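All chains are identified by letter, namely A, B, C, D and E, in their written order; residue positions are counted from 1 within each chain.
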Amino acid sequence: MAESYERIEGVEVGQYVGYRFFAVDPAWRRLPVEERMAGKEAFADVVDEFAGRMEGLRAYSTVGVRPDADLFLWTITERYDDLLELGAALNGTPLGAWLTVPHSYLGTTKPSVYTDKKRIRQGRIAPRNAPYLIVYPFVKVRPWYFLSFEERAAAMREHAEIGARFVTITNHTTYSFGIDDQEFIPAFEAEEPADFMHLMMTLRESEASRWTERDTPIFVGKLVDVRDALDALDGATTELPGAASLYTAPDGTRYPAPSR
Amino acid sequence: MAESYERIEGVEVGQYVGYRFFAVDPAWRRLPVEERMAGKEAFADVVDEFAGRMEGLRAYSTVGVRPDADLFLWTITERYDDLLELGAALNGTPLGAWLTVPHSYLGTTKPSVYTDKKRIRQGRIAPRNAPYLIVYPFVKVRPWYFLSFEERAAAMREHAEIGARFVTITNHTTYSFGIDDQEFIPAFEAEEPADFMHLMMTLRESEASRWTERDTPIFVGKLVDVRDALDALDGATTELPGAASLYTAPDGTRYPAPSR
Amino acid sequence: MAESYERIEGVEVGQYVGYRFFAVDPAWRRLPVEERMAGKEAFADVVDEFAGRMEGLRAYSTVGVRPDADLFLWTITERYDDLLELGAALNGTPLGAWLTVPHSYLGTTKPSVYTDKKRIRQGRIAPRNAPYLIVYPFVKVRPWYFLSFEERAAAMREHAEIGARFVTITNHTTYSFGIDDQEFIPAFEAEEPADFMHLMMTLRESEASRWTERDTPIFVGKLVDVRDALDALDGATTELPGAASLYTAPDGTRYPAPSR
Amino acid sequence: MAESYERIEGVEVGQYVGYRFFAVDPAWRRLPVEERMAGKEAFADVVDEFAGRMEGLRAYSTVGVRPDADLFLWTITERYDDLLELGAALNGTPLGAWLTVPHSYLGTTKPSVYTDKKRIRQGRIAPRNAPYLIVYPFVKVRPWYFLSFEERAAAMREHAEIGARFVTITNHTTYSFGIDDQEFIPAFEAEEPADFMHLMMTLRESEASRWTERDTPIFVGKLVDVRDALDALDGATTELPGAASLYTAPDGTRYPAPSR
Amino acid sequence: MAESYERIEGVEVGQYVGYRFFAVDPAWRRLPVEERMAGKEAFADVVDEFAGRMEGLRAYSTVGVRPDADLFLWTITERYDDLLELGAALNGTPLGAWLTVPHSYLGTTKPSVYTDKKRIRQGRIAPRNAPYLIVYPFVKVRPWYFLSFEERAAAMREHAEIGARFVTITNHTTYSFGIDDQEFIPAFEAEEPADFMHLMMTLRESEASRWTERDTPIFVGKLVDVRDALDALDGATTELPGAASLYTAPDGTRYPAPSR
């Protein structure tokens, strides 16, 4: 480890990526329907507003499947403080008074401001609005980091080759070392959850799989309009149509999911 | 790992299988009896309705035995979004405002849309309405996946041979790799819980048992009419008769448990 | 593992054994004293009623010692569904609306309905109403099950010999493989908790101790009339006399602890 | 293990030692001040009363430092049931309706009623009312118990020699094998928490340290009048003077901490 | 370990360092806005008051990022009891009746009062008011402590050299052996969270990294005026400006963060 680091100015900006999971207090369902509607509307309005100033802000429903969360937001932004400001704004909505956050993950694709160029070739995260997103925190066992560069590169090449055969699955992994409790946040868009099951089952026999310390909890979310995700909380809707008619802009226009 | 994968059209559909566990807030028991009755009835109606559009939807009671759950639903469906829609519909019932979900497991028998034919020979899940169902999440240690195919096949053959001798026990295991926190969800129908205890004690000495990473929590449920499972929540019934008179169809007809 | 199994009719019946732990919501203590008294009385009446139809149903207090439970019930019955029915009946009492169940353990002494005769020589559980009961869930490490029969027999013989020297301690271990999260539920009646401490400290150096995976949480309960266990929940009594005057029969007769 | 055990009458009595941790429901702080005062007074009166019949009963504050507990009681008594009776009596106070018990540890110094004389040389626990008490549950890895007696004695001798150099720190370790979830409860009186930090850091390199399985959570408590510990719960006092004026006797006399 | 220890008088005083994390009960957000404002103001007043008598007391917001905490206080003081007194004072504010403390860490830089001079060269903690603070509890595997002094020194030298290249990151690690559940509390001030991610990713391959037992949960906090951290709890502000105008003194003067 003899190479020297020096500060680099003007490097590419990169992104912070957040996955924030919400569960509603069951007692919220006992409120009058008008009160619930107003609470959901205010929450959705905040999401719409922030969707307009971030690179990406999508809602995914986990209702009826996960035990610990009802929906999650996938946020992509260049500016760390956007995550704090979105959190504060959601706290200010009436629904925020009934939500808990059982999980929240923070990753980044921001390059180093120091020279270590070889290490970071992470491109920008660019969602394609597939109907499902699978996301989980990931930690490798420490001995992985003491394999030679060649051994690790070979393992990751095999891993990537298997992944590439599952052409309907798109990888959006980000880095969390030192800024959250995992090392990576793998995230995958898919057409159908079972497709991803087969990819992961196939990868179990790949070399990289040997070095896994933790890769749970695993969340399968369905990409929906945030209003539908909220209406599923109290059964105001029992239909969760997909990405066809996503998001209402502040002016009321409904448009496909933001993908700036 | 040189074989190549290509997308297959028109493969058999397969199933998603969910186990969703519910616990009632003890405070619910303080509500007036009419309010409780209405809440249970609405919940049961949703179950009945969805039982009519899924391949299987059964209720199992764990009252008085498990510490963490009062009942669970076993859902079998070809369509993933059915699980979300059932969840949303249950959220819309008055009882849904008093329930928590301490556990929820998702598995599938859907075949790969890619060629890997050898790997998936999973048949369809077809319950036989035995009085008890034992279910648990299962994870193998990673080195298992690096044994040779022959070693693994021999271990699983021994495992299956032992299981086959316990003729009253039916296996309904499904796959969860990458879509939930376990790898498999073993599930077994049995005539009597103690029979399954003897099967598992016998299997402890089988080769496959060596490679277990996690196989808890273990749930023993009794197959009952969902109305009986709900009436056990507040002691409205203290009898839990078995599968003889299961489910009320939307038109009011009561019929044995659905087994399409 | 070549021996073949076939179903045996008419084997001895055996028992299901449950340990169900209760903790009261502290807010219950804020209710009017009459309401608390009525709730406790209804709970005790259910226990009395079921004590009359089970092989054994005893109450143990853990008040002031365990952090997670206030009392537990030790139930012994030939019929699994008795456990469910007792659970439903307790849910129907006013106190049931303020209780949580932090732990609940299920074991059995039922013999296999298949031939494997050598394996099961478990006798029936017959409590002797000693003042204290120590109970905990127990899991062995998997390699234990791959020792030779002789190695395991020798280890268990040494273990039993040490136990036998502590003549005031009675062992009531049951089997939980596949029907609960542990493999065994060791349970010991003792005259004094410290006696059992010395037994366990002595056993730490025995061969069998090497193969322990998990043996906690450990509960020390004092055998009391269920009414005393309940009165300790809100300080209605601060005395917890022992087994001298246990249980009120449905006809009002008070008699020593049931020991059928 | 050939020596034989026989019951000994008239052995020295010894002690049970309990550490019981309390956390107050934040909602309690919303009650009228008079109601809070009455609740604290009743709690303190129970502590005073039991301090008069036990060998030791001291209160320690962890306010502002631990996340999980606000205060704890250190109880020393010859009679196990004193712990239950104290628990029941505290349940009967108005404050008991707002307290939870996140942790509770049970140890003993009672000698064996069987002959194994070499094993137990544990003296009685005699607190010296130092300003701080550090306490934690402790479990050794099982292979420790299979070292030779000489190896273990040498390790413990080194351990004790290091401890002895920290002359301001007094050790009050008790035994929990089989009666609680740990094997030992080390407890240390100290003049200043940092002194104990240096002792533990020094011990990290001692042989005995190699054999540690678990030694957390670690609690640092400050010895205070129980009334001060309770007044810190709602900020009625923000001063926590030490042991100078401890405990009010049932007759109203205030006296230094009991040290019988 | 033959060197002898003797008490040293007049050693340098050193510091206790606390990190105390707070989460607000979502139900607090349902209170009238005036009540919330008064609660926040009282909490901030206590922080201001104690900031005037401690060496350091800063507020960091984790809103919108961590799942388990909304803000934390970083306290630096020579006197242990200051931590208790601050805790009691915050308990006395109306907001204290709605806060829980999911985590709280205690470290120290106090030197030993015994001679072991080589061991402690820890300087004083002197924050520089960088916009972000990353903090986490840290435990090494026990075998680390049995490496030779030279091996450990070499590993720590490499570790420090890598850290030194990230010139924008300042290390404030303190010691917790025996006084909290971790051994160290690493804490780092940084200009940007992603910078720290790159430092930690780089360190993964350093020798010291091999010996890590636990280094989570990891918190990234933004240094803000405590009033802004509190206003983010209910969305009273959705802006979280940094360290420019920190803290209001008891006399109402606003001044940059204390850094005595």
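Convention: a residue touches a chain if its C-beta (ideal position, glycine included) is under 8 Å from a C-beta of that chain, and two chains touch if they have at least 3 such contacts.
Small disclaimer: the values here were computed from a predicted structure and weren't measured.
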Taking shared numbers over all numbers used, above half giving same and below half different, the subunit B and subunit C interface sides are different
Between subunit B and subunit D the C-alpha superposition rotation, given in steps of 5 degrees, amounts to 145
Distance in whole angstrom between the CA centres of subunit A and subunit D is 46
Distance in whole angstrom between the CA centres of subunit A and subunit B is 28
Residues of subunit A that touch two or more other chains sit at none
Among line, ring, star, complete and other, the chain contact graph is ring
Read round the cycle from subunit B toward subunit C, the chains appear as B, C, D, E, A
Seen from subunit E, its contact residues with subunit A in the complex are 26-30, 61, 63-68, 132, 134, 158, 161-162, 165-168, 192-202, 204-206, 209-210, 212, 216-218, 220, 222, 231-240
Seen from subunit D, its contact residues with subunit C in the complex are 1, 4-5, 7, 14, 16, 18, 20-21, 25, 80-81, 83-93, 96-104, 106, 108, 110, 112-114, 116, 119-120, 142-143, 145-146, 175-181, 183
